[in-house]
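Here the structure is laid out as structure tokens; the discussion comes afterwards.
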Amino acid sequence: MTQLIEYEDSSDEVRAVYDDIRATRKTDEINNFWKALANHPPTLQRTWQTVREVMTIPGEIDPLMRELIYIAVSVTNGCEYCIASHTSAAYAKGMSDNMFGELMAIVATANTTNRLANGYQIPVDEQFKT
Amino acid sequence: MTQLIEYEDSSDEVRAVYDDIRATRKTDEINNFWKALANHPPTLQRTWQTVREVMTIPGEIDPLMRELIYIAVSVTNGCEYCIASHTSAAYAKGMSDNMFGELMAIVATANTTNRLANGYQIPVDEQFKT
Amino acid sequence: MTQLIEYEDSSDEVRAVYDDIRATRKTDEINNFWKALANHPPTLQRTWQTVREVMTIPGEIDPLMRELIYIAVSVTNGCEYCIASHTSAAYAKGMSDNMFGELMAIVATANTTNRLANGYQIPVDEQFKT
Amino acid sequence: MTQLIEYEDSSDEVRAVYDDIRATRKTDEINNFWKALANHPPTLQRTWQTVREVMTIPGEIDPLMRELIYIAVSVTNGCEYCIASHTSAAYAKGMSDNMFGELMAIVATANTTNRLANGYQIPVDEQFKT
Amino acid sequence: MTQLIEYEDSSDEVRAVYDDIRATRKTDEINNFWKALANHPPTLQRTWQTVREVMTIPGEIDPLMRELIYIAVSVTNGCEYCIASHTSAAYAKGMSDNMFGELMAIVATANTTNRLANGYQIPVDEQFKT
Amino acid sequence: MTQLIEYEDSSDEVRAVYDDIRATRKTDEINNFWKALANHPPTLQRTWQTVREVMTIPGEIDPLMRELIYIAVSVTNGCEYCIASHTSAAYAKGMSDNMFGELMAIVATANTTNRLANGYQIPVDEQFKT
């Protein structure tokens, strides 16, 4: 189990990232993920910068849909921590129980057809190559 | 390599599914995935019924976003066939190159943080458990 | 691409394994998998010994079912080489097209329910813990 | 953590599935998997229908072997819930401890050779392509 | 949950492996992994022999780096037990916290670029094929 | 198949990254991975910055070992492109054929024990939790 580094115990380098997390998310709460990464400041900085850019900079995919995509990946990989944290984030951004059900149905179906495509060794159609 | 069963050579049972695929998708084209599954009619029927329901019945997630989620899973699993076919489907439903880029960035980031959460053995925060 | 080491070009150490493969499988054919592993003789020896023991020593699971299990894993992992070689082996041991279809249906279903169990964060029932 | 929907609290739609699960399995017990899926009735119905068909309709693969294949997939994916529930189901259908040991050996070996085939970038033999 | 077979309760066959583990590792401690595998002695013997050869026979990759590679695989697969045990082993062999941080950064980055390569369907450069 | 953006056709934004790749790697060659990511400049920039930092900034893990770890992840995930490109990079940095063989043996073994730990549902030893 990794040591979790609290705000009070953080170095200046780590605290700067924590402050940006707090400002970006408009909450004092720092979740365990960042407290664990703080054991290696370059990884903390790089990962937070990436997550912030990818999840919060305005773009063509809206913030809630980004969370759904994040959940889809995390469920496929079976990452318990990420499923819990991003499901929580998605509910906070307006996901309904029904939308979560639809999401799970898509993820389940894609995991099924991925294996059928593998198992039947299906060649890619010419129309999909262009 | 699996034998691909063409429309002309299909049994009544398979042809009924092919006809429904054509009607639902408004095209005569049947892609290789279904032609391969036709070797086992119960799997063809069940899989098509599931895909049709999950991907086309109106719900809270719009059709383009469903394709993005499908791609996210397929990319995470590394399923070449499904990546090619659903990327093609997403473009047909209006995905822009930029949106695809955003999608890839989210998928890449989630795959990164999934492993960091695993590796640092991070306990799930109490706030994410309710 | 790895160099494939042919029987004629093999060292004594590698040739001893090749001879055992030929004797065990009752064919002169050595497939590419072993010709590639021959680049690292300890891996060739260890892997062949394991595969021979696990797949051919008489036990409670019959040889054809062992191949089906091997395919199930390979399809889940998306290993093209292993899917092709073990599907071929299964047909040689008596798998019918219909049995392959049933196998794919089970693999597809398990991949679906694995993700639903992940996504819904379902606690293991007490009855399954004993 | 998903809310688990008990039989007593279920809607007519959900209860109909629960009743079919009870009748098919000849037990009043409904395990947590279904109680979680009940949060999204279409997913509950579709998943139960698929599992029932794939796991219980008579076919060429016997019921115990179907469970072994299910376990092989679940172990490869690392799905804790599915490993626990299907291992329990397999024991109920007559799996011996020794058979479980043989199964694990095959799953372990396939996971090994899948990676060796990937890593050595081994081309598929012509004989496996037909 | 598997029964763990203690040294005192082990058969001669299992005890011989336990003794070799103790001698090789210079400790009386047998960790749960081996106590679980002891339920199927052939798997215990084969797995221990493989782990001992692969992890302890002198070679070109030093013992600590072997542990880092082991962790990289285990983190990618999300195997909680193996992450915990091999992280512990790596610290015992001299891994620093900073080295662990560097390792996690590489694992995270590889998991990211693996998916970008999949998603963008990037053809392998000619220069990488020779 | 993604369009590959050549140096000559690149925007200023993309070209700045290409120039940094060339300078860092001391070669004019830009491999397909970057030419594909160039379709989404923010992903190109972020990914290159991460790869450069993680793989080239001096640290406690030497450059060749970083490549071995990269290969271990890519082989576990089955990413053909990344296996080919990083195996090539590792040979360029001094990997011997024998070292590659040792690496494959470790990756194969870890993939085996990961599944045995999953399948036997082995509880983490107390000694590994601190």
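Labels for the chains are A, B, C, D, E and F, by order of writing; each one numbers its residues from 1.
Quick note on the criterion: contacts are C-beta pairs under 8 Å (C-beta built on N, C-alpha and C of every residue); 3 or more make two chains touch, one makes a residue touch a chain.
Composition by chain, UniProt nomenclature: A, B, C, D, E, F = Alkyl hydroperoxide reductase AhpD.
Since the structure is predicted, the reported quantities are computational estimates derived from the model, not experimental observations.
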>> If each step moves to a chain the current one touches, what is the fewest number of steps from subunit C to subunit F?
In response: 1
> Measuring between mean CA coordinates, which chain is farthest from subunit C?
Replying inline: A
> Residue numbers at the subunit D-subunit F interface: does the shared fraction exceed half, giving same, or fall under half, giving different?
Replying inline: same
> What whole-Å value do you get for the distance between subunit C and subunit D if each is reduced to the mean of its CA atoms?
Replying inline: 20
> How many angstrom lie between the CA centroids of subunit B and subunit F, rounded to a whole number?
Replying inline: 27
>> Give me the residue numbers in subunit D that touch at least two other chains, ranges are fine.
In response: 1, 39, 42-43, 46-47, 50, 76-80, 84, 87, 98, 102-105, 107-109, 111-114, 116, 118, 120-121, 129
> How about subunit B: which of its residues touch subunit A in the complex?
Replying inline: 1-2, 29, 31-33, 36-37, 39, 43, 47, 50-51, 54-55, 59-61, 65-66, 68-70, 72-74, 76-77, 79-82, 84-88, 96, 98-99, 102-103, 105-107, 109-114, 116-118, 120-125, 127-129
> Okay, in this complex, where on subunit A does subunit F touch?
Replying inline: 1, 42, 46, 50, 53, 129-130
> Which of the residues in subunit A end up touching subunit E in this complex?
Replying inline: 39-40, 42-43, 46-47, 77-79
> Can you list the subunit C residues touching subunit A in their complex?
Replying inline: 71, 75-76, 78, 80, 83-84, 87, 103-104, 107-109, 111-116, 118-121
> Considering the complex alone, what residue numbers of subunit F touch subunit C?
Replying inline: 78, 97-98, 100-102, 104-105, 108
